[in-house]
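Have a look at the structure below before the remarks.
Residue numbering begins at 1 within each chain, and the chains themselves are lettered A, B, C and D in the order written.
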Amino acid sequence: MASLKPVLLTAILAAAQIGWAQAPAYGVGRTPTADEIKAWDIAIGPDGKELPPGKGTAKEGARLFLLKGCGGCHGATGIGGRAPALVKGGPPAVPGQAMPAGMEGMHMVPDTGIMALRSPYAATLWDYISRGMPLNREGTLKPDEVYAITAFLLYKNEVIKSEDEVMDQDTLRKLVMPNRKGYAEIPDWKRNTPRLANYP
Amino acid sequence: MASLKPVLLTAILAAAQIGWAQAPAYGVGRTPTADEIKAWDIAIGPDGKELPPGKGTAKEGARLFLLKGCGGCHGATGIGGRAPALVKGGPPAVPGQAMPAGMEGMHMVPDTGIMALRSPYAATLWDYISRGMPLNREGTLKPDEVYAITAFLLYKNEVIKSEDEVMDQDTLRKLVMPNRKGYAEIPDWKRNTPRLANYP
Amino acid sequence: MDLKQRDLKQQDLKQQDLKQDSKSSNRRGFLKGGAALAGLAAGAVQSAKAQPPVAELRAKGTSKEQVAYGDRSKYETSVRKSVAERASPDAFGLVFHVNAPLQDFYGSISPSSLHYVATHRGAFVPDIDPKEHRVMIHGMVDRPLIFTMDDLKRLPFVTRQHFVECAGNRAKSTQTTVQETHGLTSNAEYTGVLLSTLLKECGVQKGASWIVAEGAEEVKGAGSIPLGKAMDDCLVAYGQNGEALRPQQGYPVRLMVPGFEGIFQIKYLRRIKVVDQFYMTYNDYGHITTDARAAALANQVGPKSVITFPSGGQKLPGPGYYEISGLAWSGQGAIKKVEVSTDGGKTWKDGELRTTPYRMAHTRFGFHWKWDGKACEILSRCTDELGTVQPSRAQVAKYWNEPLTKGFRAKGMDNTIMAWRIDAEGSIHNGLA
Amino acid sequence: MDLKQRDLKQQDLKQQDLKQDSKSSNRRGFLKGGAALAGLAAGAVQSAKAQPPVAELRAKGTSKEQVAYGDRSKYETSVRKSVAERASPDAFGLVFHVNAPLQDFYGSISPSSLHYVATHRGAFVPDIDPKEHRVMIHGMVDRPLIFTMDDLKRLPFVTRQHFVECAGNRAKSTQTTVQETHGLTSNAEYTGVLLSTLLKECGVQKGASWIVAEGAEEVKGAGSIPLGKAMDDCLVAYGQNGEALRPQQGYPVRLMVPGFEGIFQIKYLRRIKVVDQFYMTYNDYGHITTDARAAALANQVGPKSVITFPSGGQKLPGPGYYEISGLAWSGQGAIKKVEVSTDGGKTWKDGELRTTPYRMAHTRFGFHWKWDGKACEILSRCTDELGTVQPSRAQVAKYWNEPLTKGFRAKGMDNTIMAWRIDAEGSIHNGLA
């Protein structure tokens, strides 16, 4: 994970930090409790350090994929439903239909349109299943279930080799995703700077 | 009518006129026919020069006032309905109720709230009845009917003395209304000039 | 390993259902499939819930109508209200004067659905088909012209923010909220053709000095406007806040006479006659007074401001920081400065203008304030680009040599300073009461 | 003569009816009276019509609901439309991407009811009670804080116009109208608290470099934003065009990240976590490309403009004067210049900016033009405050060393010049086709 070079704004920050950490000026708002923070703190960074305890295998995931209704939208095998295909090698989600607007500009390599393959980090896959799926019951999957469904998608896409391989905090963090080097670093943002020098 | 001093902007106009009367730049829109202009050209100026041919007496007007439904809103005698009183001396339109918002700032002398009395020119009274009355059949009164109802209101408010006096283009233009001197000249408007010098 | 060879094992699921499911291009079909799947294994895993039926999902979602043309949240209930003196619509369906909820506005734009409404007599909101509507210019012009709405939209346009304010917009001690005291004004971004563009196209003749502008509604509301103003910055406006002018603001086209009292801003504009005298229409009656000074004050709005938060009828939950917010405008030009007092007018500090101060437009101001929990009185006063300062009621009373009673009425368009009294409980009251 | 002695002679009218009429304080009563009067004399005067019943009058008028919160004219039928690729709402009730009818907009403000809509996955428009809603800021801060909507509104606010634009907003040769080619952008006046105000209140810790912002809707749409941007001009906005933010734009509160692609402008904002790395959420995936230049172009919008009149699908009735009108915007700052070509890009002339060119906001431009009735191609290009000029598709293709085919796709946010072809009949077509 060290390759992520997370601190893009170090120079700017060093200069500005003192001003930002000032004393509260308004006294409006209250301090959230630890429980309140925990309940909402669902974002898992690429290094997976926020991944919760739990585990699951692709075998369990295959069953949960149907049980939780995922197959209803994505196709029973992860391909062929109206929702985006989750497994490579199949036809596009809807034959002959372009990617939805908004996803067109993503310049995806063929097959890396599959989220499990596009994602440079397995933690992100876990995060999205956890927060955004399944339709209409988002956020109801338990950690073990998310690990299992994650394992299922990784297995189906040949990222892991065995349907019995246990995915947990540790294995997910160590897993090297196929697209690990498939992304460019996000450019630094500076006020009053063109988005890309020498672009026409 | 000469006392109206109509040309308030002569100086400004003399300077600006040349620019305003320029040739058409866009050629958009078409020339209206004489009939089209005539059909819409309903505004009667204070000097009454646009008053159409026709005539009527207060006696005829009294009958029309009821026949046309005016009495239904303003009260059968011009007082006592829910709509503003048209004849002086009665109670306000709705006892105990202030003038409607928007009319409050008008600083009306008592009784000159009655339109026939407030109006410095009889032509304006004719104009308003013609364009704006009666409710839901606005603009349907014929000139003779407007002259007669105008005569009726003038008579009831003691501006004219006989219910048989004929009101027409000529008599209305000559009539001196009680409020003829009851108004100040509208101030000239100049860009970037306070609305009233020395007002706090 | 070949992906196709490693199909999901489905020995405990009805293979037939799944096939139908995955191949179905019928959405209801696959949802039913999903529900069936969930149902099958429901006994096995506690947390499983049946897939909700499509109808339930749809009910949660958004109707086609909301996608086509959206509405506000159901939790937003701010509404316009008739002035105390007369209901709108009345028993006839006539609309008279309707106050805008200024206390609920943000920024400088008044939401079109909540823009204040006033009519010339009490009028129906006319139902005008824009394809049939025409604007005619005639009278003392070389070339009378009649324009369709399409014609008007072909011509050079301008977009400008302007307020409109009714002459009846005056605070009274009997009122509670800022909607009641100041709600007969609103502000919008208008788009249209400068009246000068149209008048030049017609060629104004020598000797012309006024215009009479007239609406198409049943009462044919009309007003007399000096030609100098007509040629300066009047606007024949068809756009309001990005879309077509709203019916209650004059759809399909109105005249904007920036800074003049509302009654001149002729709605449903259908005719402009160029004339050589003040026409003294019914609507011009507001100016009928023997005092030239009072007449002058009735024409245009002076610099005016009001605090909208905190304002009458609201309640501060307790001592602490509150950002005071309000609106300032002037019929004479742009707002240059807004000052705020939190001690009943003893001391004044500069507020901040939070939106661009356009000429004859509402400008939003803000003011940092920490309430100590004690009773106090808050006020705002503004200064416009001509340097005119919004007056206090005392100053105006003195000018007219009248006693400053509770019932004192400023002549013309009332632009006096408004005060809100805050009591120790945080309740906010009309400072004139 | 005593007025009271000269009562109207009513020998031919039912005295009783009149008395009841004039004294009645019941409006229906007096109307009935009026009708009775009219009916009585109907035989006598030809032009007399019966007073219409109250019901008829009411039907002509305005409903209470229209007075409370008005709607547009029934003749205005402009609507948002789903992108061609997917219906909104779909069978589930989910909303995905909905194009705004830019061809029908005036000025710079996009009407809130017609503001384009996009969601993170296809989402329900959530039904959020603002009393229950909270915004929490935590992570690498000294003092995590949780704010109610009332809290947020107590804090210093700013009001700013900003556009939002979806990364999917790219013209294709298959599209017909400007709604289809450019409709995934809109502009509004937003009011809210600067995110920097909130972050300073929390005290950002050393080492922090990004924030993750997250919504309260079912998919909890999230995005990673550089802390430098967050501290610069991001806005926690609760007001839109003068009233509460609309549900489809994130009611009750959204994050504005001015100039960044739409997906970062987190709607239904409920949480901001201050972190020390790019979090690569699902929504950040748009940037996943091996080319750093393409990634840079996906982040922010370059200078972009489009002619909205005349535009695809419209028809000019004949040769003559037409005012060309359009919108220009840039994610890099304010628009400085818009040029228009009416000869397919051979020559360019300056257009006029008709609204204040705010930073990261739509600016309306106009251009005087007389159409000679011959086939031609019209284009616009803008320059922003950094001096960046909107590029042609040919320039972009050359930059990437790709052939300029009909299907050529600019990487990242597409800001290439749009062309409209006008044929000799006045019909207007997509210049990319």
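By definition in this document, a residue touches a chain if its C-beta (ideal position, glycine included) is under 8 Å from a C-beta of that chain, and two chains touch if they have at least 3 such contacts.
This structure is a prediction, so every number in the text was calculated from the model and none was measured.
Trainee: Just to be sure I understand the contacts, which chains border both chain C and chain B?
Mentor: D
Trainee: Between A-D and B-D, which chain pair is linked by more C-beta pairs in contact?
Mentor: A-D
Trainee: Most remote chain relative to chain C, going by C-alpha centroids?
Mentor: Most distant chain from chain C: A.
Trainee: Quick one: chain C and chain D, Cα centre-to-centre, how many Å?
Mentor: Measuring from centre to centre gives 17 Å for this pair.
Trainee: Taking each chain's centre as its mean C-alpha position, how far apart are chain A and chain D in Å?
Mentor: Chain centres of chain A and chain D, defined by C-alpha means, are spaced 31 Å apart.
Trainee: Centroid from C-alpha atoms only, then distance chain A to chain B, rounded to Å. What do you get?
Mentor: Each chain reduced to its C-alpha mean, chain A and chain B end up 74 Å apart.
Trainee: Round to the nearest whole Å and give the separation of the Cα centres of chain B and chain D.
Mentor: 44
Trainee: So which stretches of chain A touch two or more other chains?
Mentor: Those would be 25-26, 28, 135-136.
Trainee: Going by the touch rule set out above, which residues of chain D reach two or more other chains?
Mentor: Counting only residues that touch two or more other chains, chain D contributes 27, 31, 57, 60, 92, 154-155, 320-321.
Trainee: For chain A, which residues are in contact with chain C within the complex?
Mentor: 25-28, 62-69, 71-73, 75-77, 79-82, 87-89, 135-137, 140, 142, 145, 156, 158, 161
Trainee: What residues on chain C touch chain D, complex-wise?
Mentor: It comes out as residues 27-28, 31, 54, 57-64, 66-76, 78-82, 88-95, 98, 104-115, 117, 124-125, 127-131, 150, 153-159, 189-191, 238-244, 246-248, 251-252, 309, 317, 320-323, 325, 354-356, 364, 366, 368.
Trainee: Mind listing the chain D positions that touch chain A in their complex?
Mentor: 83-86, 92, 96-97, 118, 120-121, 136, 138, 142-148, 151, 154-155, 166-168, 170, 184, 197, 199-210, 212, 214, 218-220, 222, 224, 226-229, 231-233, 263, 270-271, 273, 275-282, 284-300, 302, 331-333, 386, 388-389, 391-392, 395-396, 398-399, 409, 411-414
Trainee: Spell out the part of chain D that touches chain B in their complex, as residue ranges.
Mentor: 1, 3-4, 6-10, 13, 18, 21-23, 25, 27, 30-31, 33-35, 37-38, 41, 44-45, 47-49, 51-52, 57, 60, 320-321
Trainee: Flag every residue of chain B that touches chain C in the complex, lowest number first.
Mentor: 4, 6-10, 12-13, 16-17, 19-26, 28-32, 36-37, 40-43, 45-47, 97-107, 115, 118-121, 124, 127-128, 131-132, 135-136, 138-139, 179, 181-196, 199-200
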